[in-house]
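We just call them A, B, C and D in the order they show up, numbering each chain from 1.
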Amino acid sequence: MSIFKYASPSTFYPLAGKIAPWFAVVAAMLGAVGLYLGLFRAPVDFQQGEVYRIIFIHVPAAWMAMLIYLVMAAYGVMALTFNTRLSSMMMEALAPTGAMFTVLALWTGALWGKPTWGTFWAWDARMTSTLILLFLYVGYLALINAIDDKKRADKAGALLVIVGSVNVPIIYFSVKWWNTLHQGYSVATSGSSMDPSMRMPMLVMTFACWAYAIAVALWRVRAIILEREKEAAWVANLYVASPPKTSGARA
Amino acid sequence: MIALAPPSLRVENLTLSRGGRPLFRRLGFAIRSGEALVLRGANGSGKTSLLRMLAGLTEADEGEIFWDESVCKTASAKLRLNALYLGHANALKDDLTAIENLADALSFDGVNVTQARQVDALERVGLSSRQHLVARRLSQGQKRRIGLARLVLSGKPLWLLDEPTNALDAEGVALFIRIIDEHLLAGGMACIATHLSMQIHAPMRELSLDEQVLLESSEAQAATPAAGINEVAGVDGAARVTHVAHIAQAAEAT
Amino acid sequence: MNSLANTTPEMLVISPENGVLLAFRRDYRLAMRSRGEIIQALVFFVIVVSLFPLAVGAESALLKRIAPGVVWVAALLSVLLTLPRIFASDYADGTLEQLAMSPYPMATIAAGKMLAHWFTTGLPLALVAPVLGVQFGLGTSELGVIVASLMLGTPVLSMIGAIGAALTLGVRGGSILMALLVLPLYIPVLIFGAGAVEASMAGIDYAANLSLLGAGLLLGALASPFAVAAAVKISLD
Amino acid sequence: MNWNEFFSMGERAFYVWGSFGAFALLIIGEVVLLRTRQKKVRQKVNT
């Protein structure tokens, strides 16, 4: 089928190489604009003063952490149903970035919690769920590294992320239930009631993170494709024709 | 009889690579009713993987398997219904006795066999006095014989056997030859992966996985020309003889 | 000697419930043959629970407050320890391949094996838990809620655990890896299970918790056999 | 625009710059790691 023309690694490799830099440039620009707006333009919050600016990276990071996991689950469904190797490679490419965003969300959440509630870790519902999401990422990465046969690792990883993604809403719901049962803290990101000049930087930063994640995932999937297709014919003549421009010309 | 219309198994351009290393590429062959195909090849040449593919356990990278001329995905239920796969492992539970293991295996095969016939089968394979012995205390050869008893009773048309005679003594091997001859005579089919020579009397062909060359068995007297012939059974059953070089070329083209 | 080979055998009825029943009876019989393992899991559960008073002191008010969490975490760990038993020995001796070759769908066989695993681990835990509850000073109604929550929760633990066990078959370092995969998914069951007991202690309505556990049981019963079957097929490939 | 007031972030400098610093560190770290991985693979392909 034509749609699978791009699903074969050999045709996707150059395509990814071409579009990844564009996303990187967009990410850098949006990131710069977002940081500028967030740090310089956004007004001081009457309650939390300057420290609230942390949400300009905390909230996008938390959203990205969740979004990337769900995108991985979508690729997982494709990997298991259409048996395309590329979708499981995309999963493997996205996972480290998703885990990074989760760590970033937890780190910035803790640093924001200390001045606001006096403790780095307040067992707040969203933060606890993000911590469990990090466990899911680590579980996936551990599983695919523990299985040697790539074909099995791909499918096992896909199944795990699909099962995990079914559980993510359940986890978020149960943690919220557990949190209201014990104490009522909650991260005060009342998104809607925020002053527009505060919401704008956050949106810009979110799109910056999207562009960044796409660029990094495409670059990493290129590395994964090369690692897996080392012996393939198309890889060999790929480098005979055009020596890589990054490092010195190879004999 | 095993089945009304004689079943046949045909395989076309089967490709499998393990850990980045291609085991075989665009492999094609057929097994007709009443015939045994013996898989030859060095260790790690993919004999077991090919058997497991025919058994519907392993998925091929490419290629189709035709059972009774209807194509089925390589790891499909239809294949599993008609095949009995005996791997290296004896597939016995150490805590169960010989008769319990046999009964369990047959019930999971979906076959209703009376206790009496199970005891007869165990007697036939020389385990009558040990049927209530826990499998842990049986020797490798005796465990293999439980597998033979299961073969006899399962009534599956296609037998996929991985080194069936290892750990069997001379008398055991003779017993195995008798059982498989009966099976083939009755119209059954078998695919046997082994490096030992098989004195099967029924028509037998050998497929060498190292060079992907299908050699006619001695009975068929087809002289093997110097270049080696890969006989790919056409749809109408007439053997289309294609030169091995052509196959190798096609393989590189993909 | 009549040759047994060519009499076509008569086929059994290949229906899902037969598959589940067959697999359950097989695994249950195997578990009974090594009864020691069942007792060991129970003893582990009792030991882990009795560690806590030694750790936090025997002051009854405190013990009563932590009782639900302690009992539930210990039950969860006991189930986790026995998960490899579902598939690992069958994978090792080659019987899992034969089960996969069976005309009974793998999902039914997996369901039967999960049921047998629950029957030999989860159920005994639920029955022993009240004795430990007394040790922690829980009232009779609370003991009833502990048993109810464990009866509803431990099957879900077996189902989710079976997916983890099947995925990590034959993988080096498999048991720790399996725990890593399975524990995050156990958290909702832990929250609602322990939450039910805590709610009953606080005298508030615990029916919601139990019904959510029941919902989890239903979702698990419908979805997990297919997930486990897929995981087994992947591991056997 | 007086810079040291900006950098003090209402005496919350540690928390704000700790967060933004981690943000920059993780992003740049990931890109650098990715670069080395690609270089390593390219060498392996060419040999």
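Observations on the model:
Quick note on the criterion: a contact is a pair of C-beta atoms (placed from the backbone, for glycine too) under 8 Å apart; a residue touches a chain by one contact, two chains touch by 3 or more.
Predicted model only: the values in this text are computed from it and were never measured.
Using the contact threshold fixed earlier, the set of chains in contact with both subunit C and subunit D is A. Counting contacting C-beta pairs between every two chains, the top pair is B-C. Chain C has its Cα centroid nearest to the centroid of all protein Cα atoms in the structure.
If each chain is reduced to the centroid of its CA atoms, subunit B and subunit D end up 59 Å from each other. Centroids built from CA atoms put subunit C at 38 Å from subunit B. Between the CA-based centres of subunit A and subunit D the separation comes to 16 Å, rounded to the whole angstrom.
With centres set at the average Cα position, the gap from subunit A to subunit C is 33 Å.
Among the residues of subunit D, none is in touch with two or more other chains.
Contact with two or more other chains is made by residues 237 of subunit C. For subunit A, the set of residues that touch two or more other chains comprises 230. All chain pairs in contact, by the document's touch criterion: A-B, A-C, A-D, B-C. Against subunit B, the residues of subunit A that register as touching in their complex are 83, 148-150, 228, 230-231. Of all residues in subunit A, those touching subunit C in their complex are 80, 132, 135-136, 138-139, 142-143, 146-147, 151-152, 155-156, 159-160, 162-164, 166-167, 170-171, 173-175, 177-178, 181.
Within the complex formed with subunit A, the subunit C residues making contact are 160, 163, 167-168, 171-174, 177, 180-181, 183-185, 187-188, 191-192, 195, 198-199, 212, 216, 223, 227, 230-231, 234-235, 237. Taken in their complex, subunit A has these residues touching subunit D: 35, 39-40, 44, 49-51, 53-54, 57-58, 61, 96-97, 100, 103-104, 107-108, 111-112, 114-115, 212, 216, 219-220, 222-223, 226-227, 230, 235-236, 238-239, 244, 246-247, 250. The touching residues of subunit B, when paired with subunit C in their complex, are 1-2, 55-59, 75, 77, 80-81, 83-85, 87-96, 100, 104-105, 107-113, 117, 120-121, 124, 152-155, 179, 182-183, 185-186, 188.
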